[in-house]
Amino acid sequence: MSQPKHVTALDLKPVALEPDMAKYFAKCQEKLGMIPNVLAAYAFDNKKLRNFVNFYNELMLDDSGLTKLEREMIAVAVSSSNHCFYCLTAHGAAVRQISGDPKLGELMVMNYRVAELSPRQRAMLDFAVKMTEKPAEMGEADRAGLRQAGFSDRDIWDIAATAAFFNMTNRIAAAVDMMPNPEYHAQAR
Amino acid sequence: MSQPKHVTALDLKPVALEPDMAKYFAKCQEKLGMIPNVLAAYAFDNKKLRNFVNFYNELMLDDSGLTKLEREMIAVAVSSSNHCFYCLTAHGAAVRQISGDPKLGELMVMNYRVAELSPRQRAMLDFAVKMTEKPAEMGEADRAGLRQAGFSDRDIWDIAATAAFFNMTNRIAAAVDMMPNPEYHAQAR
Amino acid sequence: MSQPKHVTALDLKPVALEPDMAKYFAKCQEKLGMIPNVLAAYAFDNKKLRNFVNFYNELMLDDSGLTKLEREMIAVAVSSSNHCFYCLTAHGAAVRQISGDPKLGELMVMNYRVAELSPRQRAMLDFAVKMTEKPAEMGEADRAGLRQAGFSDRDIWDIAATAAFFNMTNRIAAAVDMMPNPEYHAQAR
Amino acid sequence: MSQPKHVTALDLKPVALEPDMAKYFAKCQEKLGMIPNVLAAYAFDNKKLRNFVNFYNELMLDDSGLTKLEREMIAVAVSSSNHCFYCLTAHGAAVRQISGDPKLGELMVMNYRVAELSPRQRAMLDFAVKMTEKPAEMGEADRAGLRQAGFSDRDIWDIAATAAFFNMTNRIAAAVDMMPNPEYHAQAR
Amino acid sequence: MSQPKHVTALDLKPVALEPDMAKYFAKCQEKLGMIPNVLAAYAFDNKKLRNFVNFYNELMLDDSGLTKLEREMIAVAVSSSNHCFYCLTAHGAAVRQISGDPKLGELMVMNYRVAELSPRQRAMLDFAVKMTEKPAEMGEADRAGLRQAGFSDRDIWDIAATAAFFNMTNRIAAAVDMMPNPEYHAQAR
Amino acid sequence: MSQPKHVTALDLKPVALEPDMAKYFAKCQEKLGMIPNVLAAYAFDNKKLRNFVNFYNELMLDDSGLTKLEREMIAVAVSSSNHCFYCLTAHGAAVRQISGDPKLGELMVMNYRVAELSPRQRAMLDFAVKMTEKPAEMGEADRAGLRQAGFSDRDIWDIAATAAFFNMTNRIAAAVDMMPNPEYHAQAR
């Protein structure tokens, strides 16, 4: 597999990691066999890195009415709309891995609308992608659609927060040309 | 001034604030005379609230090659592209206040392209708005444009991170119908 | 308040006003305390100025099934879609002044979809903005929606004519970089 | 040739024409062999009709640095972008008639970019169509392009005013389903 | 009528036609009085030419649940969305000729949505144009709409295949600047 | 790997294959170990199937100034713009297989603009994607760009024809919900 050209296109020197972040990187290396490049990209500043890690982990890993797979599906459907190479690669791998269904990962990357989804998951992704493409047009009817599909108001927050977060990271990745670790490509195929 | 219909359209009960967050709310009340509704919106969960506050404050208030005014200008120009009522109201007020130039706030809200800006600030906003509207088309030429306008690679990160952040908050605000505090409208006119 | 850079970016010398136009300018100065820059912009040619004034005044001030406030709301919602600094400034001030509700002006400038509007006014603005953004897709269903919201066929004409007019003026303002009088910014806040 | 379904989709009764307008209609009938439907559409109100006629005739027929053909070319290129059946039909006929080149009329209706035009006329139409499609992005570079192509500032006003006017009439026609006189289709083929 | 500048902008020398293709060109000359330029454009390679002719003739002329006029209407409505001068000219003439209704041809060229069509034909064109403009959003509801309008599954294939084909030819014509034979402009007016 | 829901959403019965097509299917089975679903989709009609096979094979496999890999790269970059699940899956696999570089396939699927490409290949894909997204805006400058990148006029035809072809097949696939063979997903990872 060819190596990525760089972690990002910016010349930002990594700093010495503070103890909590050093421990976190060690845990990544142990569990994933690599440091995800998004973390390497933030490693020029401990405080920025820590804030990102905390924000991300709470959103994607803490308790929620959405399963971890559903949050990863949102990540990938949003990233498909924005054509984000980093997030499609890293989170496409996550969808394949968590679901055990490689095709599902590809469907999220390519066009979630042609996947066979439950009405709940289709409504969730339609909301996430409308937020992404036409935020100014969101309205009460969109929230009502999620409630009819069985989501609580807390779930709606989590859908919104997840879709919004990847609209942020997609754009950082695009702006600085962040490249994913090559290991993702072959995972869970 | 008419009161906003709600803080958000979601029925999420506030929890008891943990001490650090209670202290932060008290500080807001003292310095701003109000609790910004975005904080009230997150107050259903201390951890989410804390992560948001930390992320936001580091980004907008910590040291950077960008002035606080420049970061607020990015916030408003991005929010104009996304037509976000919450962020245009709150950060439009910030631009007016920090700059002492009410018209500058209006220009950022309405169309930054017709403002008389330095080449540096014009390049900064062009980058931020291109990231917002066409993230998939960002490339090395865009970064080169910022470097030519005098920005360091660290500054480019900060422009990218700021523009990306408001692409997140604009979408949360749109998805949950977050309403700004009415006090903003009359500030610094 | 900083002065605008110019009335327009074009070098067009004002001519001597003919008596009816001189009288009209005097009336503006007396009632508004200023000559709106759009009139100054047309003052290089008495005939063009007169035609514009007649067209504008009939549309916005003569009897109609639409209130003056409603016509101003259309002006601002259309101008928001087109990001017209001149019209958002001048007619945003008009919405604030006529309604006595500064927030309503800001909502029209930023995103009319998040305003709490009567079904009648929401239908009116949805029609005006669809005409603006997707004129080729207008059809009988759109007119039927206005009739169901209580509008007569004459009212539909007036909605269409008002929305269409600001699609004209927004574009003249953009093409010649027309700058609004600075007085508007502080009015009716 | 099949008759159009109606003049407009609105049920607005024509009023008795006042003498100046009656005379104008008679002149149209004499010179064109018909009353253009846009005039019939406005004939429910003498004042609106008169303002429209004055505005239109000054813009399209009075002295200008633009030839009458150039103004008609702008009308059609703008109307092509907006897919306006009324204006493409009526002004497409005008381009064919004035130029004596039926293909030129078709090129303006279908895609002005593939026509063989002088640099002057290409610059003029690029400006007019950019104003139509991306008004918020107009800037000094666009006006500089027209000046380099040989246009005076007064000519720039006339290009802007003409392109803007058809952005108005295209939208009125779309909103009320205005149908052109069938006679246009066979003219100057 | 002015001659087109060229058949295409590419410098590709015609080869000696092989017998079947020479016979086909002779038949075109006899029946149409000309060789359509699209055939001349492909005449640099007998195999490419033959494949195109076979593909085109089967699609547009063989038995189908769609009439030949309906297939031409699809061709023109799709080409209007893509602003293809070649296809609008050649197939607009075909709609006028087959229907005997010059206005119908113009409606397809300019905006099929304002034509008075049967619900069947309106559904057919809405499907064809949605495929053209938003292919990623096609779904079962779109096919269900065609079935409700009376189309069989085989008809749906034919609508899809015809609309898709002109999305191909529109783009070849645009990419190589293919110019239509001038004879089309005056036909069946 | 989960099976696709269907070959297409249309109920079209396969017919008995005529000898040449039966032989072609046997060859596919032997060489690829499967019948690509696009062929199964056309197998309701021998003539349509044959025309498609001839057209496709000449375009993608015959001699050309473009390598087979380059033609597949065009196929995938175009299909990414159109979000076509079928073509991204089948031709993404082809890019991985021919190049021996799995990451290259993913880059074409996700965003070709972030790939490290030679100026030749970047120019080729920029042309193909502009044709896809803005066909009406293609002009001589686009062709000049390809010539400067070293392409002959015959190569330009092949780029145009390939990009146009996938704009056709993407839309057929979208319109009939064509599903790719599941075997593709794991190939050449």
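As written, the chains take the letters A, B, C, D, E and F, and residue 1 is the first residue of each chain.
Keep in mind that, in the parts below, a contact is a pair of C-beta atoms (placed from the backbone, for glycine too) under 8 Å apart; a residue touches a chain by one contact, two chains touch by 3 or more.
As the structure is a prediction and not an experimental result, all values here were calculated from the model.
Just to note, of B-D and A-F, the chains joined by more C-beta pairs in contact are A-F.
The greatest centre-to-centre gap from chain A, using C-alpha centroids, is found for D.
Rotating chain C by 180 degrees superposes its CA atoms on those of chain F, with the angle stated to the nearest 5. Counting every residue number used by either copy at the chain E-chain F contact, over half are found in both chains. In whole angstrom, the spacing between the mean C-alpha positions of chain A and chain C is 43. The geometric centre of chain D is 29 Å away from that of chain E, both derived from CA atoms.
The geometric centre of chain A is 50 Å away from that of chain D, both derived from CA atoms. Each of the following residues of chain F touches two or more other chains: 83-84, 111, 114, 136, 139, 177. Listed by chain label, the pairs that touch are A-B, A-C, A-E, A-F, B-C, B-D, B-F, C-D, C-E, D-E, D-F, E-F. Only residues 136-137, 139 of chain D touch chain B when the two sit together in their complex. Taken in their complex, chain C has these residues touching chain A: 111, 113. Within the complex formed with chain D, the chain E residues making contact are 1-2, 4-5, 80, 83-85, 88-89, 101-104, 106-107, 109-111, 114, 116, 177, 179, 182, 185-186, 189. Within the complex, the chain B residues that touch chain A are 9-12, 44, 47-48, 51-52, 54-55, 58, 62, 82-84, 127, 131-132, 135-136, 138-140, 142-143, 153-154, 156-157, 159-161, 163-165, 167-172, 174-177.
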